[in-house]
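Just so it is clear, A, B, C and D label the chains in written order, and each chain counts residues from 1 on its own.
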Amino acid sequence: MRRKENLMGRKIIQKEASLINRTSLRVRFSEVDSMRIVWHGEYIRYFEDGRESFGRQYSGLGYMEMHEAGYFVPMVHVEVDFKSPLKVGDIVIVETRFINSEAAKICFQYILYRESDMQVVATGESVQVFLNSSFELELLSPSFYQEWKRRWKIE
Amino acid sequence: MRRKENLMGRKIIQKEASLINRTSLRVRFSEVDSMRIVWHGEYIRYFEDGRESFGRQYSGLGYMEMHEAGYFVPMVHVEVDFKSPLKVGDIVIVETRFINSEAAKICFQYILYRESDMQVVATGESVQVFLNSSFELELLSPSFYQEWKRRWKIE
Amino acid sequence: MRRKENLMGRKIIQKEASLINRTSLRVRFSEVDSMRIVWHGEYIRYFEDGRESFGRQYSGLGYMEMHEAGYFVPMVHVEVDFKSPLKVGDIVIVETRFINSEAAKICFQYILYRESDMQVVATGESVQVFLNSSFELELLSPSFYQEWKRRWKIE
Amino acid sequence: MRRKENLMGRKIIQKEASLINRTSLRVRFSEVDSMRIVWHGEYIRYFEDGRESFGRQYSGLGYMEMHEAGYFVPMVHVEVDFKSPLKVGDIVIVETRFINSEAAKICFQYILYRESDMQVVATGESVQVFLNSSFELELLSPSFYQEWKRRWKIE
């Protein structure tokens, strides 16, 4: 049931995603486990690759830029749905979609494709919040984030 | 909204969890990131530590035992909610709860506590499915899994 | 003293290295530690990236190809000298040099450069041996390895 | 040749090691690779576990304590010799030996044993230097380090 709602929710959200980045990576030997498929925890790194690549395309949301603006953006939620296994040497396309939110949060969705057949191998999402330099939670979106949204035409 | 539903669902499910394992680990220097807190991806390893410890307590569900029974149990879903940061040297108690399901799946919930103050630092869940030795999905619970449930009085 | 001999030996060996691959990678957020520099253990992955890239350029020595030829090539020695720290976002050039040996071993040297200033940030070496499919050590170079050397004009 | 010298050197050095810590860990599923043995890069983490455990036994040399004394201690050299493979579930004993040096360096040797048969599965060494809070290399041993040596009767 919940899974279905999730998929439904995803469909609606995907229509709304206005900023999308795609980057690719190659599966490393050290990332596969004894089943000869990528160990599930490695996908968290793949998502991070996606976020960093997103931050380079839509400048102002990179880790270093946010840090210089005086904020940390720790993860508060991450989830992954694994659809099809990845093997050594596979090229993975990481599609990272910015999901706008009224709240003081950074939300991303991820869709991972195997390049050879463009099959979806995994999907996922993440939510980050803002801490100021005293490590206190910001309940309102910091001004740098609001400006970033304006620059990239997200209302 | 969804978060609230999740918490509600969790409360109900927790009552049902009959098999529980607790194990502890110490946060390593290599696990913290440049914010000096544990990098969020490391929690996936902590969950794995929990599952392995669970498998030792409730024998028959360890990785090697399932492999010897002819099955792989790849992850199809994992999620983590991060509540409070962990630092170098913190002792973490990983509580792993078996969530019974009619489906041919292995479902776990995880609650991570910081030992020093017993605060919940993270919660999460995971779902695994059964592949036979030809890497085909098993739609019915394998007999070794049904026997394991009977042995541990899970109906 | 030993360090000096190493450097001397390195100079001589580098002249002999006939097969060289260069590949680049970008430092990930998850790879830096609480000192905000790349955690030293991550360099082992960078070396692996170098070897895999080498194996693609000089086909026949990739992990999968060796596995299909019936051999495992476990690491028996690895070492790293760290010269200068790497930070988030740095581009690293991994130079992987094949070092020929009479023995039944695969030896590589690695030189890592920071792309922005081409400074050497680390050097290292690795030694792998051959195990057959019964996991027994091969004391003589397998025929596929001898053929690979002939193909790439290594005498 | 060099390997032999190494072994010779090791024998002499081991006699001199006055401070020794032993700690144990269990091989995780996520640490084994597609050969079903621990991926070689994981040993760098095992060494770190050894150092951290050493720092707890001989207080004053833990990562946090050195940081509070105003120093970073980045790695400048690490090496590993792999003797025998480790598998999922193996218990590893990490023996960490402090090797005294006149130079402003922290040197450790590591000997890893498989608990079940006490076979040596790997050996290694590491060298760290001192950076002050301006990230400048300290050419003389910081006073906190000299005091630590006196406290633990290392001349």
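As a convention for this text, a residue touches a chain if its C-beta (ideal position, glycine included) is under 8 Å from a C-beta of that chain, and two chains touch if they have at least 3 such contacts.
All values derive from a computational prediction rather than experimental measurement.
Chemist: With contacts defined as at the top, give the pair, A-D or A-B, that has more of them.
Modeler: Output for the comparison: A-B.
Chemist: Let me spell it out: compute each chain's centre from its C-alpha atoms, then which one is farthest from chain A's centre?
Modeler: D
Chemist: Centre to centre, by mean C-alpha position, how many angstrom separate chain B and chain D?
Modeler: Result: the chain centres lie 32 Å from each other.
Chemist: Using mean C-alpha positions as chain centres, tell me how far chain A is from chain D in Å, no decimals.
Modeler: 36
Chemist: Rounded to a whole Å, what is the gap between the Cα centroids of chain A and chain B?
Modeler: 23
Chemist: Residues of chain A that touch two or more other chains: which are they?
Modeler: Where chain A meets two or more other chains at a single residue, that happens at 29-30, 41, 45, 48, 88.
Chemist: Could you please specify the touching residues of chain D with respect to chain A in the complex?
Modeler: 29-30, 32-34, 36, 39, 41, 88
Chemist: Please name which positions on chain A make contact with chain C in the complex.
Modeler: Interface residues on the chain A side: 26, 28-30, 45, 48-49, 52, 62-64, 88-89.
Chemist: Which residues, counting only chain C, touch chain D once they are in their complex?
Modeler: 2, 5, 9, 35, 37, 40-41, 44-45, 48, 72, 74-82, 85
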